[in-house]
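In what follows, chain A forms one complex with chain B and a second complex with chain C.
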Partner chain A sequence: MKKNSKGAFIFMCLAPSVVLFTLFMVVPTINVFRMSFYRWGGYSASRTFVGLDNFRILFSGDMRFLQSFQNTVLLISVVSIVTFGISLVFASILSREEVRGKNFFRVVFYIPNILSVVIISAIFSAIYEANNGMLNSIISFFDRTREPVYWLGDNDIVIFSIAGAMVWQAIGYYMVMYMASMASVPESLYESANLEGAGKIHQFFRITVPLIWSNIRTTMTFFIISSINLSFLFVTAMTNGGPDGASEVFLSYMYRQAYTNSSYGYGMAIGVVVFTFSFALSGIVNLVTYRDPIEI
Partner chain B sequence: MKLFEPESDRLYRIFIYVALVGLAVSVIVPVAWVFMASIKKNSEFYGNPWLLPEGFHYQNFVDAWGNARMGEYMMSSVIVTLLAICILLVVALPAAYCLSRFRFRMRKFLRVLFMGGLFINVNYIVVPIFLMFVGFDGYLRDYGMDGFFLNNIFVLALVYASTALPFTIYLLSGYFVTLSSSYEEAAYIDGAGYFRTMMHVMFPMALPSIITVILFNSLAFWNEYIIAITLLTRPGGTRTLPVGLMNLMKAQNAAAQYGQLYAGLVLVMVPTLVLYICVQKKLTEGMNLGGLKG
Partner chain C sequence: MRNRTGKLFLLVLTTVVFAACGGRDESTVGEGRITVAALESAYGSALWKEVTQAFSAKTGIEVELVIDRNIEDVIAPGMQAGDFPDVVHLATGRERALTETMIKEGALEPLADMLEMVIPGENVRVRDKIAGGFLESSLTNPYSDRKTYLAPMFYSPCGLFYNANLLEQKGWDLPSTWDEMWELGDKARAEGIALFAYPTAGYFDAFFYALLYVVGGTDFFDRATTFTEGIWETEEARIVFDIIETLASYTERSVPSNANSANFTRNQQLVLDNKAIFMPNGTWVTGEMRDAPRADGFEWGLTGLPALEAGGDSYSYTWFEQAWIPAGARNKDAAKTFLAYLYSDEAAAIFARSSAYQPIVGLGDMLEGENSLFYSIYDGGTKAALGAFATTVPVEGVTVYDTFFAPVDSLVNGSRTREMWVNQIKRNSDLLRAALK
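Entry: the complex of A and B
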């Protein structure tokens, strides 16, 4: 076949995806960085180059940004640790133990992952509802005199309520992921551990965890990146940053500055900081958790 | 085989089942509760939330479908999801095929470029995309035409497809590289051209991963709402189902129309649940091919 026709074929195959990818992903990404150097209000009407001013304002006393930073870091750590612990334990139970209805549990645990975050937010709004909510009605069943807890209306509690919804959503996903990698751990290791009388907990920490360590490291990066993204989705649907900015997270604050406040440049500067932060944190976690791979 | 379990083993087994059932209950109960709430009368929401519905109050669904425009929104959601999947397949399949089966000059660069796309989340770039469309529409108006890019569900589908490209190409390429090149050679010898070989020999073989791609992306497109809320802004204009639902959630606080809201939730949930139950095995297996959510 002619070389010419091959080149044309490859071009035809790749051109559409390169065009779409460039137009809707590469150009907007470059624009995020470019816009962060401008003071840009309203619909492209006024646009002045201000250099690093946006970043200077951001780091020199924007209290709401500080609040969103604290909330995000809190969510990343709480959600990651709790989800990691629960999903690892359940993955280990479902792949190591003789349990009846194994498949049923796996299917059920994964359900929250296929639901839209809007739905999960609506469900948890009903659970957290102060007067007729499910959670408060359970609490008052045990203690009738107790005042209702304002799960989404109390500045100190709201962020943990959101964390609860996020954990509920994430457990199944990571559990299935850990189960997949646990399936590749050779059975003979557990058999010999049994012969030597090692207990289940011992086996879990000395065999299972070390042998799926590379998978665990991958999921840690996922935890960081998806906590930042999902917290935005949950906050947008559940509290809209309220009460009084107490549940504001990185990206919801970015969105608020860009849209509600029409400070596009400032919003994009926040985007750049968050982007850099998530990469740096993933990099650090990746470095800290490095272990020499185990040869079997 | 041990005949008698020691006491500690029995306790351990009890603990396992308590944990498993506990987690299962915490997943099933809230979801089932929504189904129950969707057939309750509004007055029933002011009492104990655990009471069973007094009757089958289907009026909620009628209200949600008509008054809250969920029927119309569902239509939009179906169109956007189907269209985005079609665009995605038409665009991503040939690209993934070429990137994994041919050697050419730009190959390495393009692969790295698409891989880089995996790290860009739409939440970051939705504002520039919105501003870009504002600009495009501005040009059109300058020439006396109507705006085209904002408030257009076809453009929304195009954006969905584009933002799903990196992950889809990554997943499909990973499958194409595993196929033996003898299939293509045989097809060429039989006189098939590049295009015919790709369409009639290679794509059918990739069917399992094509199905995985369709499953993951239709769930993602159906559930997405940040891009939809940003690009469909005209007051009273059309919305996708999740966005309509969110508006209903916000209105619900004021008007206290709980029944309608939960009926709307059921309408969004049922298609995904049905799809999931039909293909749950495929979905949880496909996930191990590598996926990043959120």
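Entry: the complex of A and C
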């Protein structure tokens, strides 16, 4: 009887989340997969089952999709590596070194994270502005004859300009995450390393990084998911995928196909690719970064 | 007992969750009540509130008005669940493309009987009140079957907007041919002024359609917009591509950087600051830039696209919005009465107060200020260009915008050659032709 009532209690506690999770996560995900096999505009009753046709078109000659794929992979790589490097170094400096105004820097680095993406995009649009923007003003200070750099108007540069804004936005968040786990590294390890003559860089790579490795692994997955999601917001707010599709990413292209091009089924096929890609990439990253946990 | 309580709790929770996901209260919409969804555009929202109140006072039919700057986001989820507004005022050409999707899906109610209705409070049929040309356009008859599915609304002449004062000060004449345009471009360049700027590549639609008319008249426009085989290899097409390629070389270099929905006003500002002479736009631009700083003595001017040669035809595209009734709407009769009322003098006067002009006979009396100058563009010999690319079933991965207009950005910044652009047009036209409805 007691066992029964315990079971009922657990059931009652779990039921709301299970119902909500199933309703709002599992069912829509299944629907995305199902709709990717149809040709459908989204609003009428006429749906045609087309099997794998949407995927065939996607991989056989849709150059815009390939461009968005390329851009997304580039953003995941550049934003993850740069953000990871900078935030780890900053976190180490702010938690291990006696820097004047330490708390001030903590707050300053974190501020971008509490700003909305639209505001950050507006700030960076102003910084990147071709004629009166901050970046070009600095460049022209050194070379007055130089033609302005079209940060958001050059097909080859635009994606890196977006990466810049994404890195600026993300550093504070990851820095705080790394600082939190660095705080749990015992001070005695650094003291004994000091006594044995290990330098700061040596301590960083031999003590700090190995001991916060599980945290770093978690953030790797975050990098992948947030790069895919945030790139859509930044692209939508800063360039709308332009110029001429040069800054199109996975989700912005999916949106354009599902809605602007009235190809909801095709959009869902792109959704399936994004889902599978992000899942697979996270899995691979998780696998290759596995290390035996260090016990102190 | 406890187990039963748990199940009861789960049942209540599930009910609450499903109720929260439910649609609109059915009891709010009845025979004498319609739901009107309208886009809050540059004209504002007051005009819709006023016109729906006036309609209710005239007919006794109540109107539930849903108005929003992103009206698609408000009504689309309900529509996907089969809950349609009775009337939707939303033009084609929006990023979300809800109207285009409804056309492509064949999900619009035919409006033939609405056109035969007598306008509430007047003694004239809707068909006779709507100005000539609008009901024959491919934007109102999307399937080329002489059946009207979209009601023409708020029209606006599109063309090249400029600072009339700048040309006057510099002693430059308004170009009447494209050769004169290039000469003006050279003179302006010598003074550090660009000949051309555009808000976004999307504004090339009205420009492109008018240019098709300028180069080859109605016949060429019809053949081009129905993707006729070999059309892009003709002499007329070559001239069209020549003009756009040359225009790209005269375009202010920073334009592609701001050619997006967040920053397009910076490109419009180039004209206000005398950094560029012409930009393709519609009459709404004056309201959009009302509070923007401008050069001393700035004065808006509007001209059509120059002719190919002296004495040739100049064209200005007539842009207009559309209202439609979803095939799934519940109160179609009352919805049609509402649409008919929108062409009454009373409704047109309400709209005109917000500078939104209905395409009706006798509109001239309602025009005021610079609008009377803009809307008189067709009185000076410039011809009206109407229409758009023919409707196709959706072609996955191919859009008219990506094919024809977006590459203009790349032509300007040099990322794409004319040959690459034309080849893409030919390739995608073959796909779109096969998908014509």
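Everything that follows uses one rule, which is that the second predicted complex is superposed on the first by the 267 of 296 C-alpha atoms of A that agree within 3 Å, B and C clash if a C-alpha of one lies under 4 Å from a C-alpha of the other, contacts with A are read in each partner's own complex, and residues count from 1 in each chain.
Keep this in mind: a contact is a pair of C-beta atoms (placed from the backbone, for glycine too) under 8 Å apart; a residue touches a chain by one contact, two chains touch by 3 or more.
What you see is a predicted model, and the numbers here were worked out from it, not measured in a lab.
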So, A:A130: does it touch chain B (first), chain C (second), both, or neither? second
May I ask you to decide whether A:L115 touches chain B, chain C, both, or neither, giving the answer as first, second, both or neither? first
Is A:T260 contacted by the first partner chain B, the second partner chain C, both or neither? second
For A:L58, using the defined touch cut-off, is the partner it touches chain B, chain C, both, or neither? Pick first, second, both or neither. second
Now for A:F84: first (chain B), second (chain C), both, or neither, which partner does it touch? neither
Of chain B and chain C, which one contacts the greater number of residues in chain A? B
Which partner does A:F37 reach: the first (chain B), the second (chain C), both, or neither? neither
In the superposed arrangement, does A:D244 touch chain B (first), chain C (second), both or neither? second
Where does A:V27 make contact in the superposed view: on chain B (first), on chain C (second), on both, or on neither? first
Which partner chains sit in contact with A:W151 here, chain B, chain C, both or neither? Use first/second/both/neither. second
Once the two structures are superposed, pull the chain A residues common to the chain B and chain C interfaces. 5, 12, 16, 20, 23, 43-44, 121-122, 125, 129, 237, 259
Report the residues of chain A in contact with chain C in the complex, numbered from low to high. 4-5, 8, 11-12, 15-16, 19-20, 23, 39, 41-44, 46, 54, 57-58, 61-62, 64-65, 121-122, 125, 128-131, 147-148, 150-156, 237-240, 242-246, 256-257, 259-263, 266
Residue ranges of chain A in contact with chain B within the complex: 1, 5-7, 9-10, 12-14, 16-18, 20-21, 23-29, 31-32, 35, 43-44, 86, 89-90, 93-94, 97, 99, 104-119, 121-127, 129, 132-134, 137, 168, 171-173, 176-177, 180, 200, 222, 225-226, 229-230, 232-233, 236-237, 251, 254-255, 258-259, 264, 267-268, 271, 274-275, 279
Give the list of chain C residues in touch with chain A in this complex. 2-3, 6, 9-10, 13-14, 17, 21, 72, 76, 79-80, 95-98, 100-102, 104-107, 200-201, 253-263, 266, 394-399, 401-402, 406-410, 413, 415-416
With touch defined as at the start, can you tell me which chain B residues reach chain A in the complex? 12, 16-17, 19-20, 23-24, 26-28, 30-31, 33-34, 37, 45-50, 90-92, 94-95, 97-99, 102, 104, 110, 113-114, 117, 119-121, 123-125, 127-129, 131-132, 134-135, 138, 158-159, 161-163, 165-166, 169, 188, 193-195, 198, 219, 222-226, 230, 242, 245-246, 249, 261-262, 265, 268-269, 272-273, 275-277, 280, 283-284, 287-288, 292-294
